[in-house]
Amino acid sequence: MMFEVAAVALFPAMFLALARAIAGPTVYDRVLAVNTFGTFTVLMIAVLGFMTDQKDFIDIALAYALINFIGTIAVLKFFAVGDFGYQQESKK
Amino acid sequence: MSTLIDLILLTLMAITAIAALQLKDLFGAVMLTGIYSLLSALWFLILDAADVSFTEAAVGAGISTVLMLGTLALTQRNEKSPSHPRILPLFVVTITGAILVYGTLDMPAFADPQAPIHTHVAPHYIEKSGEEIGIPNIVTSVLASYRGYDTLGETTVIFTACIGVLLLLGIGRRREDDES
Amino acid sequence: MISTVLDSLSWLLLLSGCACLLISAIGLLRMPDLFTRMHAAGIGDTLGAILVLAGLMLQAGLSITLVKLVLILFFLLFTSPTACHALARAALAGGQKPLLAENLNTENPISESSPTEQPLP
Amino acid sequence: MSMQLSAHLPALQIVVPLIVAPLSLLLRNPRLIWMAAFAATATCLGIAVALYSQVLQQGEIRYFMGGWAPPIGIEYRIDQFNALMLILVSLVGTVVLPFARTSVDKEISRQRQPMFWTAWMLCFTGLLGIVATGDAFNVFVFLEVSSLATYAMIAAGKDRRGLTSAYQYLIMGTIGATFILIGIGLLYMLTGTLNMADLAARLPDVTQPRTLKTAFVFIVVGCSLKLALFPLHLWMPNAYAFAPSAVTAFIAATATKVSIYVMLRFFYTIFGAEFSFGTMPLGEVLMILALVAMFSGSLVAVFEQNVKRMLAYSSVAQIGYIMLGISLATTTGLAAGMLHLFNHALIKGALFMAIGAVVYRTGSAQLDQLAGLGKKMPWTMAGFVAAGLCLIGVPLTTGFLSKWYLVTASFDAGRTVIPVMILISSLLAVIYIWKVVETVYFKPALALKPGQEAITEAPLSLLVPLWVMVAINFGFGLQGSVIWQTVLQAARQLAGES
Amino acid sequence: MNWIDHYNYWIVIFLMMLGFYAIIASDNLVKKIIGLNIFQTSVFVLFISMGKVPGGVAPILRDDPTVLYSNPLPHVLILTAIVVGVATTALALALVVRIHEAYGSIEEDEIHEQDQLAG
Amino acid sequence: MKHHSILRIITKLLIPLILLFALYVQFHGDFGPGGGFQAGVIFAAGLILYALVFGLDTASEVIKEWVLMILVPLGVLIYAGVGVASLILGGNFLDYNVLAHDPVHGQHLGILLVELGVGVTVAAGLTTIFFAFAGRGRRNPEGALITKAANPTQEPQR
Amino acid sequence: MNRLVHGTSLALTLAVIWYLLSGHTEALLLGLGCGSAATITWLALRMDLIDHEGHPLHLTFRAPLFWVWLMWEIIKANGQVIKIILDPKLPINPRRFRVPASQKTDIGKVIYANSITLTPGTICLDVTESDLDIHALTADGELGLKSGEMDRLVTRLEGDS
């Protein structure tokens, strides 16, 4: 039961984050909203895994927690350099 | 319960899709497409399609977004307003949608356990894969063995796309003489 | 007995976690500019995630699931500040100026027409 | 061993090019890759011929991929029609590849050639895979393999318009493929199976006519997009006109024909003729579209100034002929349509190769640039004229054969107006072919632009494949009755009459 | 007929048509691809909704023999279709990049104009 | 952009974990959700992250282009090779039963290899595609953009 | 030498994580796990990821205490920000300022900066040689940081390495 409640309780939060993503006004706001939305999704997946008693779902949450980061880095790269190929950092 | 979640998610998807398509700023549209794919991943999860959800999350969150941003970085970020109303497309879309809705009227109800797809072929996978293949994940059994040939095709598709992109863009340092 | 305590504790953690997430989303909507919104988003990324995941961990017991939940939390705590920082850098590089107290009208802190609200990239 | 090998021919038909494609990429040298590709294609032709003789001897061949019996697994099912299609695709491949080598050398930079040949092989693999499979979803997978490769190849040329036309084709093609996917999904929903034979067996028991009709409509529209049936042909002229010449010759001869094959497979094998032409008003709709396609395609071709585009519009018209035969809903009509499908593939292959040879020398396919080429490139232009005669349907050529049977089939079906239409549309074909002939033979040659090399006859490496193709055309024309019987037999089998 | 049985399908159809409209109506090449993504994803949703069994779980075998599993076959088909979708998107984006290099624009009407001018 | 220490250090920490997780997904597709394709995507994502943070030149020193050009076809070849192997061992194409003495073992082995093939092609293929896109906007040694990429910070039309 | 130590320790860590994730004890999967850990370590060495930054061994023993302290800080800071968000008047007072960072190494500064960002109410915008560029939601946040407690703790965590 508790997981059902948690899952449903997560939706208003997701909805508000979505509202921010749609409203903008700047693209950074959208990125921020997408990021937050990503975190919500990770938690949602975990909760759903418990709700339906399928713990395998946690793998998906884990994968998503790892991958979500890359999108934001790509955004940074996009605005800071405007080009994905540019040599930006030295290794040291 | 899951019906409720299912409906909420579908509604959110509809909102996201509309917002993504009416944005003139392509960057924002790409971001919203990311959310759309996340929502669909969640939705797949509600419908027990764990593998599909995994794929959609990985692709939608990582690869698609990065490739789209890469394209925007090389092209331009905003869309011009369409100069003329689009009657014909609207007409085509309405007709197509109407045909589909017509088609749904006879469909087996959502999640009907007596629907043909649950009584033919699939039961074999569910009941026999344990002894025939011997691995727990039925999706993997079907994907890699029963319908392994499709998956060979799928791998070939990725290979083809890779070759196609290389044929168009080339890899490595771009050379002036390489261009058409 | 112990399971009842565990259950009620994880109820508490989960619900308060969800509340945190909701508050964070409200903050995301209410705050006047990008940088202040980041603070709001931070609640969800830190406390919200910690509470929800802790609630789940109590239910998981000693199992692989627990390890995976810990790993998720670990990743979130590493990536979210980094992503936040990266975004802030991107915004600054893109010419966004944070809305600061000296520019704020103290009577009406959320001024819709404040100059930084202008749509910048 | 040989016994064993012959049992695996259906798999080898696709596996050989499928393995050669990635393997050849490792070779890195364009020449070597081309040789590997040619060897694979020729092998495929051999396999296809062997398969056809097997089918004639043993009847339908079934091959279970992974050893799983259908409908659990995917099966390959070869009957006479598939086998003929396999021969057609690999024959065109084998003839066009030598032509492509020289032509591509000029149009695509050496360092991109490895990719290009790999894409070519993948396209070839995909086409064979679509034809051989007996599984509806597998059709979609291989359709995408061939389509993706085709998009990339079309955009690989020097003309920047190739990029936009490839993009347009990609969008339209993906819509088409997705429509087919929706249709397959609905069929699956109704029956629970994806195997074509199993679908055919289970569809008559389906009690949900509306969903079934919707599935049918989506598959028809999807296939029509892919095969460029009249109102959905918009992607084709540009794609053919601005692709590298060899690519045009190859895909014009194969890709649309394979799509027609898919459509026929769905009509006859899966839905059954009774549903397709009885329950659904397919015959009438197709006939109208086919007639409009015949006229509009030919008319636009008459006024077109770019010869490649002209031929592309001519293809729209010729696809109209094929669909016309199918729309008669009789076995002879089907056979006539199928015969025209094979003929048109070979004729268009030859025509596009001829024009490719011209582009190789002059760098342009504009009609006015062709002036006086009859003297400078006599063999190329003779090949063009010979193939053009087939296209028009002069007696003793393949084109005449298929049109003749179309006419008789329509008389049999009681449609007496259609022969008149065919005649008029053929006259239009005479006009546009004549326009080229007139320019080539009766107009003075253009003065050379400064720095331009003198135009000479195309190299042998282009001429030989061209004339081989022309010879095949005339050979078919001479063996008319044999060919007709072969196709008729395949059509009977497809329609379930044998 | 219970409306909720088909409500799912209707939203999915609405989403599909939304994507479809964006593909054929928008002038911007990238927007078309976004539309294509939405269109294809919605088709995937249609497929997956077929496979649901009430009270079912993900088709991963468990020891408990009473468990109901959802139908694995649509999942497999859609996995393949997603891969195809990614491949198509990548190729389309590569084309867009090249088109922008060649024409300096990703608006269909502007490109068309340039082609007209060039003859 | 010289001192982006946060990004650099966190990325250094994360990449091995992402790659490990990718391989975990690759080899546990039999037991839970996941498999070759998902693993390939995650692996590629790890490599892309590396290329994004440390630059394309550094990345292509670590993952040489020619290696990628071998790996992409290699995956397909592994897959098709398993099929051919089963042909040679007397089964139908892709019939894994004949790969080992016991059909179930054969299936295990076949699926493992086949998924590996998918994983290799997908990981290498997606990385190659990213490299192709990123390399397109490469700057020449003088620091000027080779392509005329639009200024990304330009004002979007609203 | 250093690379060897770091490499071995990374491989071991990865193998342990693999085992924790997998939970399967069949020889095949364990073997694959070892193989994976070795492959990734090799790749990480190639990528030059393994050094005191990418694999901070020297922090292992002092970190847990710091984490506990940080958790407490996070909870406290969260409480404040939640109060602000729920306040109908939204009493924010955003400010941007710099604080000195006394850490010697980059990794120390990164820990400091991320700790700042992790505690809601303060965000680190930029890291330079000697100080951090901070955005704070309220004056309290600024005061808290300027007291320098976190700075000291992170420096102590960093130690002499």
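Some points to look at:
Just so it is clear, A, B, C, D, E, F and G label the chains in written order, and each chain counts residues from 1 on its own.
One rule holds for everything that comes next: a residue touches a chain if its C-beta (ideal position, glycine included) is under 8 Å from a C-beta of that chain, and two chains touch if they have at least 3 such contacts.
Everything numeric in this text was worked out from a predicted model, so none of it was measured.
Shared contact partners of chain D and chain E, listed by label: B, F. Among the remaining chains, those touching chain B as well as chain E are A, D, F. The count of contacting C-beta pairs peaks for the chain pair B-E. Of all chains, the one whose mean C-alpha position sits at the greatest distance from that of chain E is G. Set against the C-alpha centre of chain B, every other chain centre is closer than that of G. Rounded to whole angstrom units, the spacing between the C-alpha centres of chain C and chain F is 32.
A straight line joining the Cα centres of chain A and chain D is 47 Å long.
Work out the mean CA point of chain E and of chain G, and you get 39 Å between them.
Touching two or more other chains at once are residues 24, 26, 38, 64, 68, 71, 75, 78-80, 82, 84-86, 89, 93-94, 119-121 of chain C.
Contacts with at least two other chains are made by residues 25, 27-28, 48, 50-51, 53-55, 58-59, 62-63, 66-67, 70-77, 79-80, 100, 104-105, 107, 115, 117-118, 121-122, 125, 136-137, 139, 141, 143, 145, 147-154, 156-162, 164-166, 168-170 of chain B.
In chain E, the residues that touch at least two other chains are 20, 24, 50, 57-58, 60, 73-74, 77, 79-80, 83-84, 87-88, 90-91, 93-98, 101. Against chain E, the residues of chain F that register as touching in their complex are 31-33, 37, 122, 129, 132-133, 136, 147-148.
The touching residues of chain F, when paired with chain B in their complex, are 25, 29-35, 37-38, 41-42, 44-45, 48, 52, 60, 65, 68-69, 72-73, 75-76, 79-80, 83, 93-94, 96, 103-104, 107-108, 110-111, 114-115, 117-118, 121-122, 124-126, 128-138, 146-147, 149-150, 152, 154, 156-158. Within the complex formed with chain C, the residues of chain G that make contact are 17, 20-23, 71, 74-75, 78, 81-82, 84-86, 89-96, 113-114, 117-126, 135, 137. Residues 3, 6-7, 10-11, 13-14, 17-18, 20-21, 26, 29-30, 33, 36-37, 40, 43-44, 47-52, 55-56, 59, 63-64, 67-68, 70-72, 74-76, 79-80, 82-83, 86, 89-90, 92-94, 96-97, 100-101, 104-105, 107, 109-113, 115, 117-118, 121-122, 125-126, 129-130, 136-139, 141-143, 147, 150-151, 153-154, 157-158, 160-162, 164-165, 168-169 of chain B are the ones touching chain E in the complex.
Remark: chain D residues 18, 21-22, 25, 65-66, 68, 71-74, 109, 111-112, 115-116, 118-119, 122, 125-126, 129, 135, 137-138, 141-142, 144-145, 148-149, 151-153, 155-160, 182, 186, 188-194, 202, 208-215, 217-218 touch chain B in the complex.
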